[in-house]
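Letters are used for the chains, namely A, B, C and D, taken in the order the chains are written, and counting of residues starts over at 1 for each.
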Amino acid sequence: AAPVKVAGIHASPVENAWNSCLHKALQDAAKEGVIEYVFSEGVSGTDYPRAMSEYAEQGNKLIIGEAYAVEKEARQVAADYPDTAFVLGSSGKEEGSNFGVFGTWNYDGAYLAGMLAGKMTKSNVVGSVGAMPIPEVNMLINAFAEGVKSVNPGCKHLVAFIGTFFDPPKAREAGLAQIDAGADILFGERIGTADAAKERNIKAVGSLIDYTPRYPDTVFANALWGFRPILNAAIADVAAGKPVGRNYTAFGLMKEGGSDIVFVKGVAPAEAEAAMEAKRADIKAGKFEVPQNMEQPK
Amino acid sequence: MRLERREHRPVYLLVGTPIAAVIAALLLAGLLIAIAGAPVLEAYRRILVGAFGSRLSATETLTRATPLILTGLAAATAFRARLWNIGAEGQFYLGAIAVAACGSKLLAGLPGPILIPALLMIGALAGMVLILIPLWLRLRFSVDEVVTSLLINFIAVLFVSMLINGVLKDPMAFGWPQSQSVVDHAMLPKLVARSRLHVGFLIAVVLAVIIHFVQARTVFGMQSRAAGLSPQGAAFAGVPLTRTLVKVACLSGGLAGLAGAIEVLGVKGYVTTDLSPGFGYSGIVVAMLANLNPLGVVLASLFTATMFVGADGMSRSLSIPTYIADVTVALSLLTMLVALFFTQYRIRR
Amino acid sequence: MNIIFDIIASAGLWAAILRIATPLIFGTLGALLCERAGVLNLGIEGIMTFGAMIGWLAVYHGADLWTGLFVAALAGMVFGFLHATMTVSLGLSQHVSGLGVTLFASSFSYYLFRLIVPVAGTPPTIVPFQPISIPGLSTLPFVGPAFFTQTAPTYLAIVTALLLAYIVFRTPLGLAIRMTGENPHAAEAQGVDPVRIRYGAVIIGSALMGVGGAFLTLSAFNSFFPTMVQGRGWICIALVVFASWRPGRALFGALLFAFFDAFQLRLQTVVQGIPYQIFLMTPYILSILALAVMARRARVPQALMQSYRRGER
Amino acid sequence: MNTVLDISRVSKRFGDNLANDDISLSLKEGEIIALLGENGAGKTTLMSILFGHYVPDSGRIIIHGRELPPGKPREAIRAGVGMVHQHFSLAPNLTVLENIMTGTQKLWALRSKTNAARERLLAIADRFGLKVDPDARLGDLSVGEQQRVELLKALFNDARILILDEPTAVLTNIEAERLFSTLKEMARQGLSLIFISHKLDEVMAAADRIVVLRGGKMVAERLQFETSKAELAELMVGHRVSRPVREPSTPGALVLKGVGITAKVAGVDRLKSINFQLSEGEVLGIIGVSGNGQAPLAALLSGLLSRTAGDLMLFGKNVGNLDVGEVVAADIGRIPEDRNNEGVIGEMAIWENVVLERLSAFSRGGMVDRKAGMTFAREIIDAFDVRGGAPRSRTRLLSGGNMQKLILGRNLQQRPRILVAAQPARGLDEGAVAAVHARILEARRQGTAVLLISEDLDEVIALADRIQAIVGGRLSPPVDAGDIDARRLGLMMAGDWSETPTEATHAP
């Protein structure tokens, strides 16, 4: 079949870990000849609806992006261009026949990484650095904390928000501050945190993408999130002429193969790894559900 | 080589230099486009198409010009009285959040014809309140308002962020911190159906005309200009400096607050922390391009919006980095500044 | 109270202060030099961004770290030259020219970065400056880890501040710069060319801004992200006023601001239930308060923001 | 005596304005030349070309036989030219020493030689009798002291040729006399000087040779002993001028009376319990050395300063503190001392400047009545012979004298009952001075009560019916102008008013 014309609209620069997940999946698909891919990045909220309309008018069949900051207007644009499929990151509901949504639910991996971290900490303090307390970040940090607590109820969990998505040096400073406050394992929702860990020779957990190659001796586990399953599902729907007005989040869940944990074996104690593997199997089998907590972590 | 002020400004210069500036900016941008490996001439065509080629692009250009006109007027009115209000960005946000708060809950019960004007007033008031802080610091402690108004921008945005994460957070929202939406009947009517262009554009243009009239014809206009040109001379002539400054500040802050209000009521319906891609700062540049003339602000805003929307669309259709849009705008601003300079000066020898 | 004391008594806080302050010190000194000669340089935010980008890019392409800093300084000079041309030679409004430079330098750096560095997951990294332990001093208790385990550019920033203070107040050049900022006509009447002085001050000042930006990618972090300067340049503009245009006080001001920032990052981890925005606001609020206290004593360079055109009155 | 300076066929054009037209002039060692001319004749332009501020369109400057490269002040300084500018070129925030030292050492030197410079400065100050405190902040000095700093600056640079552009415009007679004796001493020590002045007395007293410019052209060159004040005045203006004479008059009703008025500026008493009274049709002259409280007195009567004690009687009624609006409404005209910064707003149009202080009369419902303003401006321009501007043109373009006529006009056109005039003829050329004086006397004749604040003895003697001296914020008792001579006035200005006849109430 002819490749589907897909446009990506990224509110942030595509270096941003989350956007890079989307971007990479889209680029891979383009390389395989499944889609034709064009994209815009750093698109501010003001310009986002226009970018959507322009891509729609240019004849793109599927538009991938993020509706978080423009939920209302994005839906309006979708209504204005009923022949174009929109599948956007959102914590909200799908709408009509051509507005699909997906969430970033890689918290299963965060929970599992927390299980490792809980057993590894010697100071009994771990820390998380987040950008802003939005639901998906909250869910992630809460799951990590929950994982830690499940194996080490007495462990203290520090949280800091830096108030911006793009200030790696600041994320690093926040990480250092937590290390100074006693943390010996950091969960870095933001890039920059692992740099603090690396500098102080402690371990860190990454999120969304695999940070281990970048910080080989520091990041021992990552709560991965893969966008490809979601993308494939959306492309299939578009190709088959099916409405995309549905929620694609589930394709990103661990039990659907969308997210997972990758970790460096032998860093955590063997029994911790074993306990974690057991839980991982439970999750995949649907026997255990990681609690979803969207409240701002304390 | 020496610069000499022109006594007369010939018409060919007034028309010719801005055109030369646009051409120069496009040539420079063309260089960068060529580096990216895209066809330059095609890119130029796409810029035009992107700004005015379709109903979508034309309405989008005007929509984007709307807040610029208002923040541009905010800067122009303040600067004319030598009040260096760099705080339009913060005032914009405060106006926006005030409108969101009142339009979603407090006043939501009012009927539209009353609600909309009330909300616009509230937005303007919020902007005024915010500018009074740097003004007070200047009058009371002689703190330079360039710096305080700049710093207050950061505080204002954090304040808004706090509100939309807290008391004003939309419980029904889809997750990201955003304020509750204003009720539907508070939204400004659209000028063109199925577009984002709204009545706010007309409001902005009408305000520009009114302000032009006020500055040119009224006692307040003359006094504020005098105060700006020479505080000492104005004081001798009996211009109440403090009162004039306060009035000017309120006008300027009010306009910036109104810009935020109109952006909420016209386009977005609610507030997020990325409501403004630097409208407050661009307003300053627009005002100076316009030589602080209110009608010029309208033209300068349209020009800036055209360049941005056009180049933005071009980047998408040619798949070159989106940042080319900002680069093109910056280049056109710089070349336009230089061009306007040469309508006033000539180089001798 | 106890918590606060613990934080202040931790060496980590003080080490963080120096780190956080470094880009601010460079930026503030740069802006201060420009303003001492009578030119407001709002191009700082963009120049820092470009410095961060180009310095990193140079190192990424094989240059060593010091060359990276140097390249950032050179780039700063180019933008300084642009700003000087517009404000000094043409006498255009300093506000607007500065904002124009910021707009151009930042968008241009993103554009170049995107063209030169292919997008792949997270951006590539370089090996940044490593902390230098100063023999003898770095092993001292508390003081050692707090102050003597920084990277080389941090020490450079402090030396630059002292050097600039010396130049401004103790050398004929410094006097010429101050005179140009106070009254360019008087400077010219004494045979000092205000145009050259302003060009020089803006160009060198902008070079410092470029270095300040490069610190972010070559020491504070190891890769470049668009928008990563995050308003630090604007803080520097405020710090210049806070410092009443004195390099020594600029150093102090930058450290004070960094103290608030480092402090709030630590306070956040121990104090709960307060919106994090409150913590983020504190440095700005305290800066404004400090300004209110200092302003009466500050002596603004009298010719700041006044264009000087030779032979015009 | 050998020639040290040759200005050869210099021309300079500003836009359509030929400011210097083929001027040649030479200066000998030890010689003092006075450069004379109306406002706008091109004096400052010529000297600025000599010093390198301006580049001439044609012509050359030769110093000691070497041609000076155009447009390079540095080269001029190196060649031994020193210039004291019409508007001081000083930085108020720097110290005296810093002001003087700027540019005198190698720019790239590693350290300022401050101590050496201070010693050298003190030595020079001593040699020419110009006392200053090197470490004082310049902005804290009086105008006279600042003038001294300007001179010292030139001397510090080893100037052999000294140019002084209206050095006495802001000095009192006493300060001016002191300055000229210093200048003569300098000439005796071998320096050559060119000074610009509008004051014919000092020109006749100090210059060896007098050069007159008119409309950018050099129209005459006279040795001091072969000319006279009358001839010079005529050469300058192009026709005969004579200052108007005050005719005797009988004052009318009392319009203004101050009793025990005290006022503070920045927390310090600048006016100390002063008494004065003023009647219709008379001129009360307030004479004094600059900085003794003239400015606060003018500000008080102009509605810009509040008093802290004392009574002010206006037309027989006791009034509180007046603001500018009330003062203007009470038909009090005001001529400020600083015409460029207070009197007009240069960037505004002429018509705007004439209506700005009486906007309530020229507006309706918040709208400025442009038509009426324009008409008013035209009336003033015609009636007061303001040359070089139309109602719509920017006021900045007017020459000093014409600007002053405009200010006079806007105050006198509507026949004020009281006129407060501070230094009304400062910096004006002979023709303009005569015009301004004539207007003031004309107003007096028509019944206006005039309070004239001046540092110029001749002016006060020529215009005032009664005279009070202001010293350290106190006012002497008034004396009749008929009974007074310059010597007595000099004593009064020095604070000694024991000899004054006691015809009016004594100051406490």
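Methods note: a contact is a pair of C-beta atoms (placed from the backbone, for glycine too) under 8 Å apart; a residue touches a chain by one contact, two chains touch by 3 or more.
In this text, all values refer to a predicted model and were calculated from it rather than measured experimentally.
Enquirer: Treat each pair of touching chains as one step and give the shortest count from chain A to chain D.
Expert: Between chain A and chain D, the shortest chain-hopping route counts 2.
Enquirer: Keeping to the contact definition above, tell me which chains border both chain A and chain C.
Expert: B
Enquirer: If I average the CA coordinates per chain, which chain comes out farthest from chain A?
Expert: Greatest centre separation from chain A goes to chain D.
Enquirer: For this structure, I'd like the pair of chains sharing the most C-beta contacts.
Expert: B-C
Enquirer: Just how far, in Å, is the C-alpha centre of chain D from the one of chain B?
Expert: 46
Enquirer: Can you give the whole-Å distance between the Cα centres of chain B and chain C?
Expert: Their C-alpha centroids are separated by 28 Å.
Enquirer: If you average the CA atoms of chain A and of chain B, how many Å lie between those two points?
Expert: Comparing mean C-alpha positions, chain B is 36 Å from chain A.
Enquirer: Quick check on chain B: which residues sit in contact with 2+ other chains?
Expert: Residues 2, 5, 158, 161, 165, 321, 323 of chain B each touch two or more of the other chains.
Enquirer: Listing for chain D: what residues touch at least two other chains?
Expert: 55, in rising order.
Enquirer: At least two partner chains per residue is the criterion; list those residues in chain C.
Expert: 110, 226, 277, 280, 310-311
Enquirer: All pairs of touching chains?
Expert: A-B, A-C, B-C, B-D, C-D
Enquirer: Can you name the residues of chain C that touch chain D in the complex?
Expert: 170-176, 178-179, 182-183, 185-193, 299, 301-302, 310-311
Enquirer: Taking the touch rule as given, give the residues of chain C at its contact with chain A in the complex, in rising order.
Expert: Chain C reaches chain A through residues 10, 12-13, 16, 19-20, 110, 119-123, 125, 216, 220-223, 225-228, 230, 261-262, 265-266, 268-270, 272-273, 276-277, 280.
Enquirer: Hey, which residues of chain C end up touching chain B in the complex?
Expert: Chain C residues touching chain B: 40, 82, 86, 89-93, 95-97, 99-101, 103-104, 106-108, 110-111, 114-115, 226, 231, 234, 237-238, 241, 275, 277-278, 280-281, 284-285, 287-288, 291-293, 295-296, 300, 309-312.
Enquirer: Tell me, which parts of chain B touch chain D in their complex?
Expert: Residues 2, 4-5, 7, 217-223, 225-226, 229-230, 232-239 of chain B touch chain D in their complex.
Enquirer: Quick check on the complex: what are the chain D residues that touch chain B?
Expert: 15-16, 55, 302-304, 323-325, 327-328, 334, 336, 338, 341-348, 352, 356-357, 359, 363, 366-368, 370
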